[in-house]
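Note that chain A is present in both complexes that follow, paired respectively with chain B and with chain C.
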Partner chain A sequence: MADNNQIGQTKIGPNYLRVFLTFARNSLVRDMMFRTNFLIESVSSLAWSSMNVGLYLIIFQYATSIGDATGWGKYEFFVFMGTTWIINAIVQAFFMPNIEEFSDLIRTGGLDFAMLKPIDTQFLISLRKVSWSSLANLLLGSVLIGFSISQLATRQGTPWSLPPSVFLLFPMYVLCGVAILYSLMICLAATSVWLGRNQTLYDFWFYITNFSRYPMEIYARGWGIPLFVAFTFLIPVLVVVNVPARLLAQPLAPKANWEWPLALFTLFATVLSVLASRWVFRKALLSYRSASS
Partner chain B sequence: MAIISIENLSKSYRVYQKQEGLLAAVRGLWHREYRDVHAVRDVSLSVEQGEFVAFLGPNGAGKTTTLKLLSGVIYPSGGSANVLGYVPWKRENEYRRRFALVMGQKNQLWWDLPAQESFRLHEQIYRIPPEIFRHNLDELADLLAVQKLLGRPVRELSLGERMKMELIAALLHSPEVLFLDEPTIGLDVVAQHNIQRFLKYYQERRKITILLTSHYMKDIAALCKRVVVINDGAIQFDGSLSGIVDQFSSTQILRLQLAEGVSAEGLDRFASVESVELPKVTLRCNRQDVTRMLASILKQYEVADIAVEDPPLEEVIARLYEDHSSGGKYEAKTGEPSK
Partner chain C sequence: MMSLASLPTQFSCWWMVFRIALEERLAYRGDFALGTLMRFLPIITQIFLWSAVFESVNGRLAGYTLPDMIAYYLLSMLARAFSSMPGLASTVAKQIRDGEIKKFIIQPIDMIGFLLLGRVAHKIAYYTIATLPFALVFFLCRGYFSSGWPSADVLLAFLLSLVMAFLLGFFVDLCIGLIGFWFLEVSSLLFVYMLLNFFLSGHMFPLDLLGSWQFVVNFLPFKYLAYFPAAIFLGKIESSQLWIELGLEAVWLLGLICLARFLYARGLRRYSGYGG
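Our next item is the complex of A and B:
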């Protein structure tokens, strides 16, 4: 057996990109085995999003913007909504099913196998499945943004125009938003290690992310202010959609003087969130008991 | 040098002591009583390269917990362990590339996909060079006779076939140390035998070190020269299978075939009679009395055939477990952590 021991003693780590591509490929193979299910999933999420557009079309028949003088008119808001879809689609396609499973793995002891592999356990847990059907909304979001921007660019008065840097910054901040949501999700799921069972995970997730779906201007008064502070500085979900969407939609012209500090803060919050998620994940593994066989 | 060395390894859990009844359950919301469960206590063990060692013990004895500690899946409460020069619970990639754990009751293959897709994933994760991957997969699939099943979704495989796939998944990266946790559980006799034969062949050929837990004495008798009996989290015995009988069984069994027309009456004067099915009689007596007893019996009865046997291993071990748990030596009842 000439090959015995050879693999064990090589020092090279796994090629994370290739592992991820294999995950993505296997997920696609599986999705294609259940094509009808795949189609239904895609169509139902597209239908849900389209109904949302319908709802806001109705609302904008009665109002010209969200709040007075906030600059969030109909098409600006649709850019915002498109950004929400893109971010949610990425989170749902790559992370949501895995992290949902993470709670189960903790409860059933299935985490054992993940911990045995010579690869970063958080990576393995976070990306093992890709839900391809969720990417339908990414497409739809891009179309909605494209259409709204073309409307803004040809409008009367102050037509929309952007520095080219935005096309780099927008994807970057979308990824920041994804990273923040991902970190939050990992932290929530990891609590299953201590709680044994955490079925309210999804509810809690829904309550928190609900706050991220609207322009932050709506929190400018009264009771909104403590919410604004909490969801910007404590759990930074408010910046997730707001920052990239503001870059693109430019609701305020000229820009207010807090826009750039907010953008910088978002970068800071992203790094901190990801580090926090790794810390919580490690702590969770330390307390992991593994279920009996 | 020992490939696995364990010293005073312990693992205890704090578990919430549930009380019966609604009132008690409500009280449990703010006042909880905990107790400590000692799943593994003070286990010391040393295994040399190329050994095939069996862990034997009743449910909840601490066998699986020990394997999980050695796999680095859980952290110990005390003691130390060293496998291949690594501390398992540090979970270094170098260590994790060199061992594998197979659990008979859990599976790691993608349920909806053919096993070969999961194998390819392992190829990437362990970074197995393609030619070695190909070679190992062919060899393992041939040995286990599952070449034709590689392309079939795992959910369509039988339990035995699935176990074979799990074994392949675990062995693709040529581990030097293999932990097997009840690999034949729930399998029929033929499938059990196939797996045993494979393990024996593979272990002898590759000279890898294997720790196996099983409830099937057949597994152990077929595979392992060395047996470690573990109960209540502690090691009770470490030696050969036949050594268990020598050490823990004080009796032997005499099988007599009486000559035609001879009655079994009066035999109970010599030893306790287990069964009488004339002309066959089975007796049990203390080990040290066997010779004396035989001489007396032969003097007074006409015997056609005679055999002296050790009691069945299962019986000896069952008694070993019982003696221990009824001894009341430990206050806390050891069990797997309740969820």
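Our next item is the complex of A and C:
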């Protein structure tokens, strides 16, 4: 890769963007070799998501909103759900298949080969494969958001309008959410250096992110408050979907006074999570002892 | 098939099958108990979600109060612990595909009996370890069971429905696996089944929420896998209907057993021993 660098450039190293694009292209080529499988995978993730819509369509036949005076009515909540899918689709497409493999690499000693490559190890093990079929949910999420917003925009009573800043802020906060989830995942996977096998930890990841799938207000009561605090400030999974979804859906017509501080905190939490995960990853690599041969 | 073998030999053979499966399962106890406890974590989210949903509902949602709803999820989880058969269909299909099934043809052991006994052992091993986490969670959540213990006959019907849920779950999964004789790869079929199962069994939500559509799921066997036991316990099924419904479940079960036997016999006839 070094010979692709322009003459005169002093830093010799791989061009990360090109490497990533190569990874992405290779994965796509591979996926297209098994086209039926690709189709089945896409359809199956779409089917799971549609079933979720089914559940909430049923719930909203009986209830008017998720929580009293939270503003999460039917279409606001569908915007929330669409945001969840988009974020999860990105995580599943780019990181999930790789990081699942990471603990296998540690257990089998295959990590040696990754560490020998003249490229950042974390980059290599995080982005080697792209699961293109997972992006089907990104499309579905966008469609759901588009539809819900058109319903919100034409609703009776309180008008709903989109400030232009959202076009910048929404993608930015979606990426923040992805970064937070990625950091959490890398931290959990890195622990397999110390624990050997950690199937239960993956379940743990699933269950923790399960908390992020609902409006955070629902936890802010009674014995939920410790959970609310822990999952906002300690392991910030609650802000992952909530912040971008709130920006877009605007459940509360004049914004509550805590919404902007929360958005600001999310930026802070993102930077901190990424740094923490980088630190944990390096620590893990230092403790890694090869397992093969 | 086993008419020549004496009854004691036959029994000791099945006893051995059962014990091997049991010990295989008890190998990783710690991981297992922790995993079971963790499986209850989504219940926490469900409690908060439904508490929030009930805020904009007048006390009852499709006949369920908030405690009823939480109790329903806990009970349906218990029912799923009986009826879910992780990996059964895919294992059967895989054995057909790579020819491992030959061992049942040449050995004097009936495959369906072997698999059933293996599952019974797995489930028993599962309950011996999972009882503690289950008991703990149910104890912590006892406040949601607002009407207390049901009467003795309802309790009996509940237990019966759990046992039948196990058998029904087993034979449905087995039938899907046996379709592998015709298709070899059943993973997409299995996926469709899991999807239907999740939605129509009542695992996702109480089927009463379907309102006027409920009659559709009433004609399907899926509801016995999760909804039915929970509904019995919560008194959602009238006592006059109770035993009729259980009878219907038994008919479904009988039908599925016959279907599995039929598929197995037919499948063996067209089986040609792929793989080495």
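One rule holds for everything that comes next: the second predicted complex is superposed on the first by the 282 of 293 C-alpha atoms of A that agree within 3 Å, B and C clash if a C-alpha of one lies under 4 Å from a C-alpha of the other, contacts with A are read in each partner's own complex, and residues count from 1 in each chain.
Criterion: contacts are C-beta pairs under 8 Å (C-beta built on N, C-alpha and C of every residue); 3 or more make two chains touch, one makes a residue touch a chain.
The shown structure was predicted, so the numbers you read here are calculated from the model rather than taken from an experiment.
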- Using the superposition on chain A described above, determine whether A:Arg155 touches chain B (first), chain C (second), both, or neither. neither
- Look at A:Lys283 in the shared chain and tell me whether it touches chain B only, chain C only, both, or neither; answer first, second, both or neither. neither
- Task: Determine, under the contact definition given at the top, whether A:Asp112 touches first (chain B), second (chain C), both, or neither.
- Result: first
- Have a look at where A:Ile66 lands relative to chain B and chain C in the superposition and call it first, second, both or neither. second
- Could you let me know whether more residues of chain A are touched by chain B or by chain C? B
- Query: Touch check for A:Lys255: first (chain B), second (chain C), both, or neither?
  - Reply: neither
- Message: For A:Ser44, using the defined touch cut-off, is the partner it touches chain B, chain C, both, or neither? Pick first, second, both or neither.
- Response: second
- Message: Is A:Gly13 touching anything from chain B or chain C once the two structures are fitted on A? First, second, both or neither.
- Response: first
- Message: If we overlay the two complexes on their shared chain A, which of chain B and chain C does A:Ile58 touch? Say first, second, both or neither.
- Response: second
- Query: Touching A:Ile218 in the superposition: chain B (first), chain C (second), both, neither?
  - Reply: second
- In the complex, go through chain B and note every residue touching chain A. 13, 60, 64, 68, 71-75, 91, 93-94, 96-98, 100-101, 103-106, 108, 110, 112-113, 117-118, 120-121, 124-129, 132, 135-136, 153, 173-176, 181-182, 205-206, 336-337, 339
- Task: In the complex, go through chain C and note every residue touching chain A.
- Result: 31, 34-35, 38-39, 41-42, 44-45, 48-49, 51-57, 61-62, 188, 191, 195, 198-199, 204-205, 209-211
- Touching residues on chain A, where the partner in the complex is chain B: 1, 3-15, 18-19, 22-23, 26, 29-30, 33-34, 107, 109-113, 115-119, 121, 124, 196, 286, 288-293
- Flag every residue of chain A that touches chain C in the complex, lowest number first. 40, 44, 47-48, 51, 54-55, 58-59, 61-68, 70, 199-200, 203-204, 207, 210-211, 213-215, 217-219, 221, 224, 227
